[in-house]
Every structure is written in C-alpha cells, then in structure tokens.
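We just call them A, B, C, D, E and F in the order they show up, numbering each chain from 1.
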C-alpha cells in the first residue's frame, strides 16, 4: 500500500518531519511518500495562503494517480486546503489532517481542545469543526501565537509555548484530550502526551491510520454526485493544462 | 464609486450579461467594471473548478486595488469561490453573489428556495447556506440539471427548464421567493419574477446593491484578526510573484 | 425614493439623531422621513415595551403606504419590534436595524460583538441572532448597563462607557467588528470607529443602505404565503379601526 | 388555585369551548377563569393579528394580578402571542399553549407532528419549535387550510378535515403523537385521540396542567434579569395608561 | 392517582428524602410511592453506574404496571438513566427528573444554570440538554465537586458548597434560575430559593407535578413506533426472565 | 494486536458472520476475537433490548482487559449500546459500529443514507447521528422493516429487500454512499457495493480498521474526566460483583 502525504507548503524540513511521524507508525507493507509541491507558499497561515497552495497540492494528487500508483492521499495542513477538490480528482481516499484529528479525538474523549499556531487561524479551525460535525466535541480552539515556521526554528521556544497552552486547555476548558492544530507539530506529539498525561492527537498520524484503514476496508471516494470527477471543459490562458479531461 | 464585478470563469459572453444586469440598476455615480480573469476555467461546476478559478480571481482583486482604484468587489459565481481569501487581500468590501442573494431573500420572505444548475453543485450551495447562517431560511436547493454554459446557448431551453423548477419550488416547498443559483441566470431574473409573481433574486443584482450600500455607509473589511492582510512570506517556484508583501 | 425610518419610541430627540445619521449618507435622490409614533413608550427596554410600541409603529407603516408613498421602511429599535407584522402590511421592504446591522457585519468580519444598553435586553439580541442566522458570526452580546435615555442625556458618560465595553469586546472576545446595539447610538458610530480602528456598525445606517439597495433592485416583500397581507376580519371594541380590510 | 385562561381573540364561543376543555380536567380546588379581551381581533391568523391582540391580552394579565388574584395565566392561542411581555408583567407563571403542547408531546413520543389551520401560520409554529427547543422532536408542521373561525362553524367539515391531515401525519411523517395547532380545536381532541389511537395533545389542556403543576410546586417566574418587571417610564399619547409604574 | 418515584440507586436515606420532597407537594388524591431497587449501585456518578442501574430500575417499572397499578413513573436520578427503555415498557407516563427540571425552568426564565455534583457528570447533563432541546435555555452546567453520597452526610458542608456555586451562576452566567443537578439535593431546594431570591428547580418536584399533569390530562406514552412495547423474543442465560413477552 | 468484537446479542450465527467480516480484512498481525455474551437478548431492536444487553457486553469488556489482553474493543450493534460505559471501564479504544460507519462515510461522500432494519430503530440511528455530529452528512435513515433475525434466515428475502431500499436512497435522497444500519448485514456489504456502484459501508469493517488505526497510533481513551474509570463504590444485592473497585 502506498500512502502519499502532501504537505501543501514548500518547507521541506517540515515535510521530512511529517514523513517521519507517519513512518514511525511502522504500518506493515505501507510505503509512505511525503512530498511538498514544487511551488507555492512557504507556510500557510490564512485563507489566501490556502488558496494559493491548492494548485501545487492538486498537481500532486494528479501525479499520484497517474504515475505513482498511490492508494490514498493525506493533506498535511491543519486547514485541510483543497480537500473537496482533491476528492473530485481521484477515487482513492483523501484525508485531511484536521478532519482525521478531530474525528479521532471524538473516539477517545467527550471533549477535546485544539492548540494551534496563530490567532488568525482559529477561525479556520472553527469553520472545520462545523464542517466535520465536531463542534460539540470541541471545548475550545486555542492559539499560542507562534508563526508556523517558528516550529522549524530550533532556537524558538515552541515546545514550551505549546505545552503551556495545552495545560491551560486541560485546566480551563476541562478538555480530556488535545488536538495539535498544525501538521508542523507532529514531532512534538509523543513528548507532549507523556508530559500531559492525556491523549494528544497529531493529525498526520491520525490521517495516516485513517487512510490505511479505508484502503484496507476497500472504501473509496464516491463518484456518484458527491465527489464525481470534474467535468471535462476548457481552461483558458496559462491554466489550459489544468483543464479536466 | 467604482464597483468591480469579477466573473471567475472566462466566458466573456456571461461576463457581459452579468455586467449588464448590474448596469441596469442605474445606480447614480457608480461605474460598473465587469471582468473575467485572463486565464482559468470556462465554467465553474464543482470544487476543483472553484479552486482553479481562485488564482485569476485574486489577481483581479489585486489589480483592482493597485491600479483601478475600485471601491468594492463582487465575486460573480454562486459558489462564492475565493471569498475569504479575497477579503484578506483588500480593505474594500468583497461580496459573494450567493451570500448577497441568500441574505437579501431573507429580508423579504420567511423561506426561499434556490434553483441552481447541476445536481452536483447542490452540496456547494447547501454548504454556503450553513456558512452564511441562512439554512433555516431556505426551504430547498433545487437543481435543473443544466450545464452552466447551456445558459449561454440560445438554442437551449434554459428559461423554460428553470421556470418549471421554480414553479415546483413554489408548490412543493411552499417557497415565498426564489434565489437563482448561478450568476449566468442574471438576465432571466426579471422575466421569471414577472411570470412567477413572487420575488426572484439574482445574486449579481443583490451583491451590487449590497456593495453599493457598504461603500456608501463607509463600512470596510475588518483588518483586525478576521481578515487581516496575508502575512508577508516567501512563495517558491513559479508562484513567487504571488507572495504577499 | 422615499425611505421612512420609524423610531418606535416617542423620544423625538432620538428620532432626529436617527434621521441625521441616515441623512448623512447623502444617498442620491433619497428622501429620508424619520418619525416617531404619536403615542407609546418613551424608550424600549424589554418585551413589554416592545409589544406596546407595535401599535404606533404599525400605524406609521399604514400611513406610509396610504398617504406618504414610501418606498421602504426601517424599524429603528435594536429589538426589531413588529418586524414580521409590518412585513405583512406592505409590499415595500421593511428592514429592522438589528437585522441589517448583524448581516452587514457578517460581510466584513468573521466575528463581531454587539454592544448594547441594559443587561436585560441581551436576551432579546441573542434571540435575534438566532432568528437571523447570525449566532455563529457573533462572538458575544455585551451590555454596558446604560438606560436608553441616558444616550440622550448630554451629562451622562455614555460615550466613554460604550467605548470601554467595545475595547473589552476587541480584547476578550477577539471581535473583528462592533455592532452597536441601540438605534440611539447612531451618532457615536463614526467617532467610535475612528478611535477603535475596526468597523463599527450602526443599524440605522446599515438598514438605510439595505433598504435603498432592495428598492434599487426592485426586490419587494413576498406576498405568497410568507408575508401575505393580513386576512380581512372583524376587530372588536376600540380596536375596530385596526381591522385588516 | 385560580388559573386564568386568556383567549387573545374576541370570539367568545371559542373562549367558552376553551374554558370547558380546562374545566373537564376537574383539577381539585382549581377555579378556571376563561376570558377574552374586550377588544381586538376576532381570530388570529398571522403576525399582524398577533401584534394587535397583545394589548387586550396584557390588560387581562394586569387585571388578573391586580384584581382577580390569579395564580397562573394561560395564553390560549397557538402562536403564544405576547408571552414574553406577559412574563415581565407578573411573577405568576404564564404558559403558552404551543409551548406546553410541544413540551408535553416530547414526554410521551420521540416525534410528533403539528396539525394547524392555515398554511400561512406554519411558519409561526416553526419559529416556536426553534424558540422552545422542540424542533428535533417535531416531524412536520401540517396545515389543513381551515380558517380559525371555521372551527366555530357547525356546518364546516372541520373535524373530518383535521382527521384526514392527522392520518397523513401518522403515515407520511411516522409521527407518534399529534399536537393540535389551534386552541379552537380543544373540543376535538378526545374524539381524535380515540379514532387515531395515538396521543393527541391539545395545548389548552397541556397548559392548564402545566400551570397547575408550577403553582403546586411553588415555581414562579424569575424576576432576576430574564423577566424582570418592565422599567417604570413615560408612555405618551393615548397609551399613557399603559406605562409601567 | 399513584405516582411511583424510582431512585435508581440503592441508598434508601436518599430515597426517603426524595419521597418527602414529592409528598410535601400535597397533591390531592395522589399516593407517592418512593422506592429504590433491591440491587444496584449505591450512587450514580457516571455512565457505567447508569448502565448498571437500569436493571433494577426497569424491574420497578414492570412491578409498578403488573402489581402496583401505578399511573405514572419518575426516574429520580439527574442523568435520567433508562428513560427511553422505561417508556417502551409501559403506556403510563415516565418522567426523568432532569428532563422535567430543564423544561420547567424554561417556563419561568430565559436562561438557567445547572448546579450538579461531580465535574465528571457535567458531560452527562450537557448531553441531556441537547436531547431535550434545552441547550439554548441553559447558560452553564456547573459542578461543585461533591460526591453524591456527601449529600447524605450531615457532616459534609454540602449546603454551603452548593450555595456558593449557585451564587456564581447568578453572577457569572447571568442565570435567572437554578436547576439542581442531583435528585439528592431535593431537600435543599426551598432553602436555596429563599436565600438566593430566584427560582430554584428540583427535578423531583418538577417531575412529580409533570407526571400528575399528564395523568390528569389523560396523556399517555405513544405506542405507535416511538415507544412501542419491546418485541417478544428470547433472552438467553440468566437473563431469560427479562425477555419481553 | 488483539481486537475483540463484541456482538451484544447472543445469536452466535450472527457473531460468526461478524467475525468473518473482520477477518476478511486480513490486517497483518491482528487477532480478531468475535464473541457474544453468555446471556442477554437474542436480538436488539429497541431501547429496552439495548439496556438489557449492556450487562453482558460490559462483562466482556472487563474480561478482555483482565484476562484476554485485548488492545481494542468493538461494539457490534448499530445502536452502539453501552459505548460510553465501556469507555469508562478501559483505557483501550472502544469503537461503536454506528459511530465508525457514520464517520467513515463522511470521509468519502458529502451525503450518505443509512439503511437499517425496523422502522422503530430509526429514531435510535437519528439520535446517534446527532451524538456523533454526523446529522448534516446524512441524507436519510431508511428502514426496510426486516426483523434483525430475518438476516440470519436463509429463506428470507433480506438481500433483495435491502437492495431495493438502497436503490431508493440513491435515487430519492441523492445519497452518495450507503451505511448499513445493522451489524448483521456485514456479509452483504461487498455484494451490495458491487451491484450499486457506490461505496457501501459496513460498521463492523469500519470499526475494525478504526480500532486498528487508533492502536497503531498509540491513541487510547482519555482518563481525564471524560471517561475516567468508574468510582469505587458499593453495589448492593445480586449486583455486588459488578461494583467498580
């Protein structure tokens, strides 16, 4: 089985970290392919960055189907950008890390809190809580005002900042579990869980096992109405090559 | 006052029709600028088309602020693609036609029905009903299985097909008003309203007067948190020029 | 175009202020007619006051249709009393200031807070958030415990009290915009917006441009089911004259 | 114990019928006082009628507290007009028939349907379902297009019309119980229940036992914030006498 | 009329207290039968305890129908364990104390707070708020971290602890009424109400008058679909005697 | 890894079928242990059956932790009986088949329909849709009026009956996927999927891969508040052995 994890930003140090988190699961007979697009935003911290990341991301989905023979795809950015579009492109399951993290947390707690990076992205996470039907299972979305790329900076105090916010979630929100609100936090998950003593869910890991499960179960994306393939049509100008066939 | 209406697909016959609908309002001292991007999908009929249309659309927003001195923007596609991203880019009001149509209909009826093109886009409209808080005001979203470009084809029976679906909405859904679910239906609005005897709301017209009103009232997009400008950062590869500064 | 703004309380100093706020928009070819009923509560601060204000308010709607040839009506009290009844009486658009303010704020922010007068009216505003589908767009309704008529008292410290509450909304609620929760605050709007640096929405202004837009677009209240004219019938006793014909 | 049932319309034949329904409960030591106001609409079939009925209704509440020494009040019209205002006026429990019927039905079925009079009042019932948190317990609101006063006309076929609609509710909606959507149907309740074989809830009876229960339990309306007495103030013109003291 | 109140835990001191609270209503011609099952948990403080309490509870319902000729049943534990199952077993009304308390509070306030025992049971109360459609009427569920059996311990400081939490509810939540979140608090209700000056609702009392009212009104549990009798079938092993016939 | 699947009814032919469905996934290094309790209902078709099934079910959870060293548990009945109680008893993930099926379907379609057995169980499935936040992803819950044990009867026409209802779901509900609403349908899943051409989700398979994934990811049930172990206490009478220690 081949699972392709697409980090839609182009910071490869983060992509490697994400790949390692998935590899560490040691799922039998599973190849993990962790990539970033060739072009696009170095980090995703708002709606505009998300829109701009879709082109490269969707290219990777197409390449995955056409060349790499992937069995499932993961979108490794907590805003799940391009998720619905990706599902139109392929019959293979496509899983967003926010979606998988939120739903996985609902299996093991009655109320989780999300700890994310910048305050401006809280509204994106809250929108996803609604979209995925997980609003009632979430106690609060918290930001620790870390820029995404600070997570790649060994000199930043990222771990301590996140830990502190998690502790506040446990005390003030009465949260039973923590969902990490950025794929770039994947490497901190186990350490946080150990220190906090409650389940800490990293979306990369949650999405990887979810993708694995759907493939194992033979469950693929519906092509009836819901996520039918894009209709063939003309795309004009320099986007002609992106036209669905 | 200059209002720029961006049809995010590249079918200029539709763009002209949209522009005419807005012009016909004869708002005093208002310049209507109706455009399509230079590149992108010829029509938008799903999530993938929406994602691919954002690039050209957002370019037009930037051009509008940097060169054309626009006072407001309208996204003239019923899925309101790129709306949140567009609002990050500019302080000027940005209005989606679905958003304006749904909210306008809520002022004059207790329950409207949406009549849209393809069945596969119903789920997009339903998602917007939730996003805009108008789900409870909508009786039903109905598709008449017309491809978007059939609206540009004088030989298609588009008007009669839409009329028939509208009549079913009045009878079966007990709708008090109709919302047209595609910007390409703008030219049919008055004729339908006359024949049906209930308010028929075209999003282009609804969005134009909404944009006019916000500008007149001096109300602009919040730059505190919500729709703050995109953070300056590197975009790599052939998207470098799209990086926020 | 003639827009009639009805302040349903009988405090004409407030009515003048409301009229001035609408006039200051300088909408071309628009006559603003700002009135109070001849009889009723001096201020509206609860459900009972609202009920008692409806008689005079609805009289003004009837007069507007029968004699004054108005094109639209605005109910200038943040509880939007009598709104549904008024819509039954006339084909002309009727806009409530709360409704217009809440919806307008949704176009320019992802989350606003309402700052209103007395704590006891918070529950009324919250009910309207539900009715208009704007609950999810509102971070919090805040009261500053000012009686409505304190807004007419030049010796009260109303501006500073409201300013302070607005600042708390920005900090504690992470609000991106402020909605003023009383028509009597119309004159404070621009000053607050300047000092706070975020959009501040006054319902009178928001409703005036919304009414203007609907009239310009030829959109009137549905008379099919939803807001059909009241059925002709007998009213007994001293209310006989109020019977629908 | 004295329970005052106020039929807010002025059709006394209906008022007597309503009184008889309550009397037939034979609650021990309970005086039932069934009245209509001296003035107002002969029937209530929309928002305007509701607004116009509030004056007389609220007069009866005041008279009940000041002179008649009532222990509880019932508003016997399925739209529950003036309910919140009435609760501000008195510490005694005030129960609406729609509220009591909907909540009572929730105790004995997982899903009820409402059968009401005119189609135009369906939206009023639906709004109350939301207000009382009973939307999820209701399968459908059905109208049988009977004018309210047809229920007083012995020559009308009202019983058969309602029976037919109830049967459709059981079959098509899979309803487990029926809520009668008009206080004027109180006399038909037992006959319908017998013929249909499922619980049929009349709001007058449901409200009477609810009021009895709250009085017996010593539970009165909160005067802290929620339903505090109206603030003393000036009412001008011919409504001066209605001013709260 | 005979109302059977079943305390699903086996602590008879609590059962007696519960019975006294219901007796003190002095409902005319009503026999109150307050019992605990012969076996089961001494207190109910979580989902497991609830599940384990159902056997004894449902036995008592069966005995009530088969032998004791009861007219209604009350489940006197704030989690309303086994409520739906009990309703399947009998045509007589079955009322949960949480359900009755929450709905009763909605008749006399616009927003109540629940004060319950252990923090771990808050999620159970919140689930019931959703189930009964009362989430919007509840400001907050508060725990005072008292174990249930501390309420039976005269040396515990239970009253003061609960009083303090109630005061916080009034101040911080702006609650207009208090719902006591444990049947074991029934004896504290009047004292709290006197000291707090707002309505304090005890579920035992609320459920007793609700049951009385439904019986008086001749309203019984629907046996159409919703709560139809359990289908006859085999139960194996030592539960054979529990099989529905 | 050892996954224990507990069919809470005592019909072992169904249990074997369920076990085979899970075995057929051939998850590497996974032992599937499919069991029924020693005692309890032969089938589960309502709330009472569910309550009565909990005892045996929870026994199997305890045995799984104490003796069998299981890594995860699955409750193989579409009502997910005892799920919250089971989660209190163990740190190992416990997955309900309804929960897993509904959430899995949300990953691969925008709207699924549930096809279940008896009409009377529809309300149970609808309640779970709310509990799991999947109501908006479900188009309709459909019953085909098959008793559960008809699924074990080779002479019944179960497959054709279910197939017919599935086809109606695709046509009338516009469903993109089918969720099978009974664990006893596990053996029909692949055949239905083949014939219908859309994803058909069986809860047993969905729960098995979900459990596998959580174990692989090291995610266990939170013991902080949410699902903390039952508090040690006395259970009286013949249930003394069930007391938590």
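Rule of thumb we're sticking to: a contact is a pair of C-beta atoms (placed from the backbone, for glycine too) under 8 Å apart; a residue touches a chain by one contact, two chains touch by 3 or more.
Since the structure is predicted, the reported quantities are computational estimates derived from the model, not experimental observations.
K.L.:
Any chance you could name the chains that touch chain E and chain F both?
P.N.:
Under the touch definition, chain E and chain F have A, D as mutual neighbours.
K.L.:
Which one of the chains is farthest from chain C, going by Cα centres?
P.N.:
The most remote chain is F.
K.L.:
What whole-Å value do you get for the distance between chain B and chain C if each is reduced to the mean of its CA atoms?
P.N.:
It comes to 28 Å between the two C-alpha centres.
K.L.:
Determine the centre-to-centre distance between chain D and chain F, using the mean Cα coordinates as centres, and give it in whole Å.
P.N.:
44
K.L.:
Between chain A and chain D, what is the separation of their C-alpha centroids in Å?
P.N.:
The mean C-alpha positions of chain A and chain D differ by 52 Å.
K.L.:
If a residue has to touch 2 or more other chains to count, which residues of chain D qualify?
P.N.:
84, 87, 110-111, 119, 123, 130, 136, 174, 225-227
K.L.:
Pairs of chains that touch, anyone?
P.N.:
Chain-chain contacts present: A-B, A-C, A-E, A-F, B-C, B-D, B-F, C-D, C-E, D-E, D-F, E-F.
K.L.:
Show which residues of chain F lie in contact with chain A when the two form their complex.
P.N.:
25, 27-29, 84, 87, 93, 95, 99, 103-104, 106-111, 132-137, 170, 174-177, 190, 193, 197-199, 201, 205-206, 208-210, 212-214, 216-227
K.L.:
List the residues on chain C that touch chain E in their complex, please.
P.N.:
Per the touch definition, chain C meets chain E at residues 119, 122-123, 130.
K.L.:
State the interface residues of chain D toward chain C in the complex, per the touch definition above.
P.N.:
10, 37-43, 45-52, 54-56, 58, 82, 84-85, 87-89, 119-120, 123, 127, 130-131, 147, 225-228, 230-231, 233-240, 242-244
K.L.:
State the interface residues of chain A toward chain E in the complex, per the touch definition above.
P.N.:
The contact residues of chain A facing chain E are 110-111, 136, 174.
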